[in-house]
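One chain, chain A, links the two complexes that follow: it is found with chain B in the first and with chain C in the second.
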Partner chain A sequence: MDSESRNNMILGEEKFRYFCLEFLKHSQDIGDDWEWKNVQGEEEGYLSKTCYQTRVTKSDDGKKHEQEDEILSTITLEGDHEVEDDDNCVLPQGSLQSEVINYEYHVLYSISYQAPVLYFRASFLDGTPLTLDAIWAKVHDSYKPRLLHGPWETITQQEHPILGQPFFVLHPCRTNEFMSSIQGSASREGNYITSWLSTVGPVVGLSLPLSYGRTV
Partner chain B sequence: MASQSPDTGDKPKLQFVPFASALDAGFWHQLTQKKLNEYRLDESAKPIKGYYYNGDPAGLPTRLTLEFSAFDMSAPTPARCCPALGSLYNTNTLDSFKKFDKKALLDQAANEIWEAIKSGAALENPVLLNKFLLLTFADLKKYHFYYWFCFPALCLSDGIELIKPPVSLGEKFSKTQVIEFQKAYDSFCQAEGGAPHPYFLIGNSGDSFSMAPLQKLEEFYTEKDKVTLGVYDPCTLAQYPGWPLRNVLVLAALHWGSRVQSIEVLCLRDRTLQGERDIKHSISFEIKLPQVAQSQACPKAVGWEKNQKGGMGPRMVNLSECMDPKRLAESSVDLNLKLMRWRLVPTLDLEKVISTKCLLLGAGTLGCNVARTLMGWGVRHVTFVDNAKISYSNPVRQPLYEFEDCLGGGKSKALAAAEKLQRIFPGVTAKGFNMSIPMPGHPVNFSEETMDQAAKEVENLEALVAEHDVVFLLMDTRESRWLPTVIAASQKKLVINAALGFDTFVVMRHGLKKGKQEEANDSHSGVPGSSDLLGSSLFSNIPGYKLGCYFCNDVVAPGDSTRDRTLDQQCTVSRPGLSMIAGALAVELMVSVLQHPEGGYAVASSSDDRMNEPPTSLGLVPHQVLVKVCNVLPVSLAFDKCTACSLKVIDQYEKDGFQFLAKVFNSSHSFLEDLTGLTLLHQETQAAEGYSGNMNV
Partner chain C sequence: MTDDKDVLRDVWSGRIPTCFTLYQDELTEREAEPYYLLLPRVSYLTLVTDKVKKHFQKVMRTEDISEIWFEFEGIPLKWHYPIGLLFDLHASNTSLPWSITVHFKNFPFKDLLHCQSKDVIEAHFMSSVKEADALKHKSQVINEMQKKDHKQLWMGLQNDKFDQFWAINRKLMEYSPEEGGFRYIPFRIYQATSERPFVQKLFRPVANDGKPHTLDDLVKEVCPAAIPPEGGEKKYQVMIHGIEPLLETPLQWLSEHFSYPDNFLHIAIIPQPTD
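Let's turn to the complex of A and B:
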């Protein structure tokens, strides 16, 4: 076998499905919220996970929408129909304000790269997306140096091939290369999706419980 | 904890945590699609669907989530979540959003819930208790979405009295009981189809538990006195239940009030962390059932969500960043450029390039190609100056123009080019000035008017040069480059010059003059003139301020070059591919200069420097690049083991056609290597290497 074919760890689409199913099985066992989604009637689908993170807001680093606030206050004032305030059975919410961020991770198969591709986005609870810079800011410091030199540094923006909405994408151009060093080094046949996700995931705030590694 | 209101006695009252709406970006995308393609001007209620989850870690708000699938009523509810059904009212104008009768809307929804409770329909289908309303206005010009959620809840006038305050399940149950409870709950859900139940009845004797749907109350409880209501509870607070409990308590009061005075409530919270399932943080408490009668009118209802500021009012979300195609194009262009930095040139200062304002003098074949390459680099500010109109011969060579632009005498090149740039990428600020540049040897003194005109043109050009950072000389005559060369030298702006011959071209940067003061100091210290240059090797290490301009190598002043020439000498006749190469090189030269810490003052790299450490992340920063089309002419022979054009491959292809191709597509690349003999060659080479290795030992 020549060295090139060893260095080029490609993943066929059937294998991709198989590894995803295995991955899902374990996810279900441990309640890790991964799901397989497909659009109505289409065979094509993707692995998906949504999770929420919360932190207490400081008054100055929340979203700034002064102009919008103004528009809204006029709406409220102009409202012809006074909406009744809550009764005393409602817990006052004042102390509960926190910033909640919704992270969405989708794993799709790329035919051209013959590799899985991680699509992700993050938004506040009203759907306002976080910029890439804001997402970076939330990446754990210990990963940041690696970000600039690792194989997963290539983040770009693309339309989600199934949903048609803009997502950030970890570009798959070097996936095969670094996966072969992971999968190929030892002779063990691990779950490709598990090894791959545990490598690229932490970069964008996605971590896998260790138990995934023990299953296959 | 529970509040003590003086007007309702001393007994503590139960308080509920309202839903917080959670809309993912996909929901707004889908709403936009629906509005454009389906609802259009229809403001009537549309059924939508949300869900809530009881497995959140502590600290998360009690959410009702709507995602892109909210409009698809047949879409499955996400695993382990409970569905909530809603009505969407999408108004056509902000005004009708404002004027919508919110009270009537809430009253109507409350009535439906009340009717479902009275009729018993909600006993069989408890989802009817969890309705929501969503009022929206989508401003699709600005991608602003106004919305107001309502989670209707029927109010019992005196509130609900707490008999036993909330305790966690961990406190209430033994370990065995917790495990047995989980088992019983799981098999109950399995029996009913696997999905969780929003509400259910709980029976308990000792360590064993059982569950049943609400309508089975009579059969389920044999003892007369105790009812335990289970609720799938999305709240994470230890002392309070979430919103879904509210309406079911009205149902309980109405249907079970005659049977029991009080009920026990178990708010089930079921989370899994790192593979560990846990329900011990569920809470349990006991309440007194209030009096509710079939005959009474629909109770008062509340439920409009407060906005972020805690007031009663709508919310607004601005999604232009992820929905406005123009904004998307901009961020995609920038991110794509950043890929270059992340992968190949980590120290590349893109901001410097993107923020550079470029003045393109000439919007012909060179101008078009320079502009396109500038756009490729993400440059946002491009200005064209040209006095010509687009003629029929132009579009094939000048990539910013089309046939249509030539009709009716032709559009102005400068204006058309600017307009086209904007169409290619709306993120660019492009302007065009249809004006001439006065030239040596082209008299302007025919009349006072022509003199004024020329003075004005000079003034305009001076102003334009002052407004920009880099001036590109891309005209078709030598003398037209003179005036901008003078002005730019005086204003100390970087000049990039490209000039085409028939099959040669030169791309150069003009030397960037130092300030007068600095120059004076300079000549003070050294011998005047260029003697310091003569001392060193002739053309090495020439600093940027000593570099020549386009006219430095000529000993005649520019004059009218278009007079007394044959046609092919008058206008630039060059091989068509040349301007693309030259235009691209001109921009690359600019970018390299910008990356150099000294910018236009950078020492000129020469051919000899190719072996040395390059001065910028993008390599050399030359003074001039002179190219003849056929520059490097390598020759290679066809390889008899080529995987594409060797006889073996072509033969197979011609003989077996697609069958052969399919084999190639479906197998690893060793198939082609085996076929052509490359594999054998590799093996032989390896063997030979091994052999010679042994020889050395």
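Let's turn to the complex of A and C:
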């Protein structure tokens, strides 16, 4: 098993929990809002984070033609910022509206692939969920070719294996491969979860503060 | 082995007589007659209900129609579970035909995955097959296949062509004799009463002492409450494809013969009927 995990960067379930708990320690230090959710009566669990993102949309001449500007900032509810702050940034016309989207990110362990998997869902403040098309529209252009390349390397809607509810998933089938190239088979002992999440997270709007990389 | 091939065919041709009724609050221009259909157990609801959809849409105005979904006794039916599993889990001790309610409004987006095209079903099916092979062969068999082989698996299921499907699927069922089975058995155990949708663990077909693991070993490990204590009352049924296989059946054999086309053993644990 040892040579196997070195060659192909397999992450065992215990290691997964260990790295998650280490990751959480730093999250708490810097006031990032990750938490560990336990499955009732089991050792099993997952990392979870909820955050809000504000986006400014422009409505031209009341035509409701939505022009998407960049996401101005990622903010957390209990963070120092407030949603309203963003409205002060750009105001060339009077018809700007800001739209707040609630994102929920879960990091689960897949026993089949022996790798972490990123589940997420997004909704407007009234609870209406974002569709897969809306999620795709938010993926930055630079990531799209990579995602469209293979038949399964994409975002799909799937059942959350613990909650039983629909979530979006970045498919994990190549995780072991690319983690081998990132972590290397040598002795570099970084936090797997940090390296992995900082690679896959930005595709779907989740970025990690750089300070995670400085801690082991 | 000839007998075992018959088992594959029997599993493939399992059917459930079903009566589809339009939900009472759907708006129609004239009365909607119920629609009867034999549902293939190994397929998916949204893959085999085009006729049901057309039948009800005939009496409805287009503006009253949005994404179709199905419900049984208040439970939204997950199309991404095989039909046989849905029936075993929710309806196995009710009378036939299975009575399913059809909805065209208020899609329960918190419970069900969207399914707006057959491509979505294909992607779901293929990702299950791929996950199963990750467990069985570290993905080696599925990755060595060509794209047309993947397509043939899907087309075999979609068009109900047993031979077409099994010509490819048998490769996914191979293993070297010295290993005595797959690396791990792809299975999921479902309980309607549980908060979790299903339980999935790493489980080998052969024990450390070389003895083959049985269905009994698996259920004891994953869901011990489902096995009656010695001399005690039987409280649960362990169902696959509408039957209760003997608990002493070797798991490797079950995996090769009782898996659904997605290559998983979908096992429903349900309360023993009391009558």
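The working rule: the second predicted complex is superposed on the first by the 145 of 216 C-alpha atoms of A that agree within 3 Å, B and C clash if a C-alpha of one lies under 4 Å from a C-alpha of the other, contacts with A are read in each partner's own complex, and residues count from 1 in each chain.
In this section, a contact is a pair of C-beta atoms (placed from the backbone, for glycine too) under 8 Å apart; a residue touches a chain by one contact, two chains touch by 3 or more.
Since this is a predicted model, take the numbers as computed values, not measurements.
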Touching partner for A:Ser211 - first (chain B), second (chain C), both, neither: first
Which superposed partner A:Thr156 touches (first chain B, second chain C, both, neither): both
Touching partner for A:Tyr113 - first (chain B), second (chain C), both, neither: second
Which superposed partner A:Leu132 touches (first chain B, second chain C, both, neither): both
Chain B versus chain C as contact partner of A:Val100, first or second or both or neither: first
Touched partner set for A:Glu22, first chain B, second chain C, both or neither: neither
Larger contact residue set on chain A - chain B or chain C: B
First (chain B), second (chain C), both or neither touched by A:Pro166: both
Shared chain A contacts, counted only where both chain B and chain C touch the same residue: 40, 129, 131-132, 156-158, 163-166, 171
Residues of chain B defined as touching chain A within the complex: 3, 5, 13-18, 20-29, 55-56, 59-61, 63, 67-68, 72, 74-75, 78-80, 94, 97-104, 106, 144-146, 155, 159-160, 237, 240, 246, 271-272, 274-275, 277, 300, 302, 304, 306-307, 309-319, 321-322, 328, 331-332, 335-336, 338-339, 342-343, 346, 668-670, 673, 679, 682
Touching residues on chain C, where the partner in the complex is chain A: 78, 80, 109-114, 120, 123-124, 126-127, 130-132, 134-135, 139, 147, 150, 186, 195-198, 200-202
Sites on chain A touched by chain C in the complex: 39-40, 111-113, 129, 131-132, 151-152, 156-159, 161-166, 171, 173
Chain B-facing residues of chain A, complex: 1-2, 4-5, 28-33, 35, 40, 50, 52, 54, 65, 68-69, 71-73, 75-76, 78-91, 93-94, 96, 98, 100, 102, 104, 121, 123, 125-129, 131-132, 148, 153-158, 163-166, 171, 209, 211
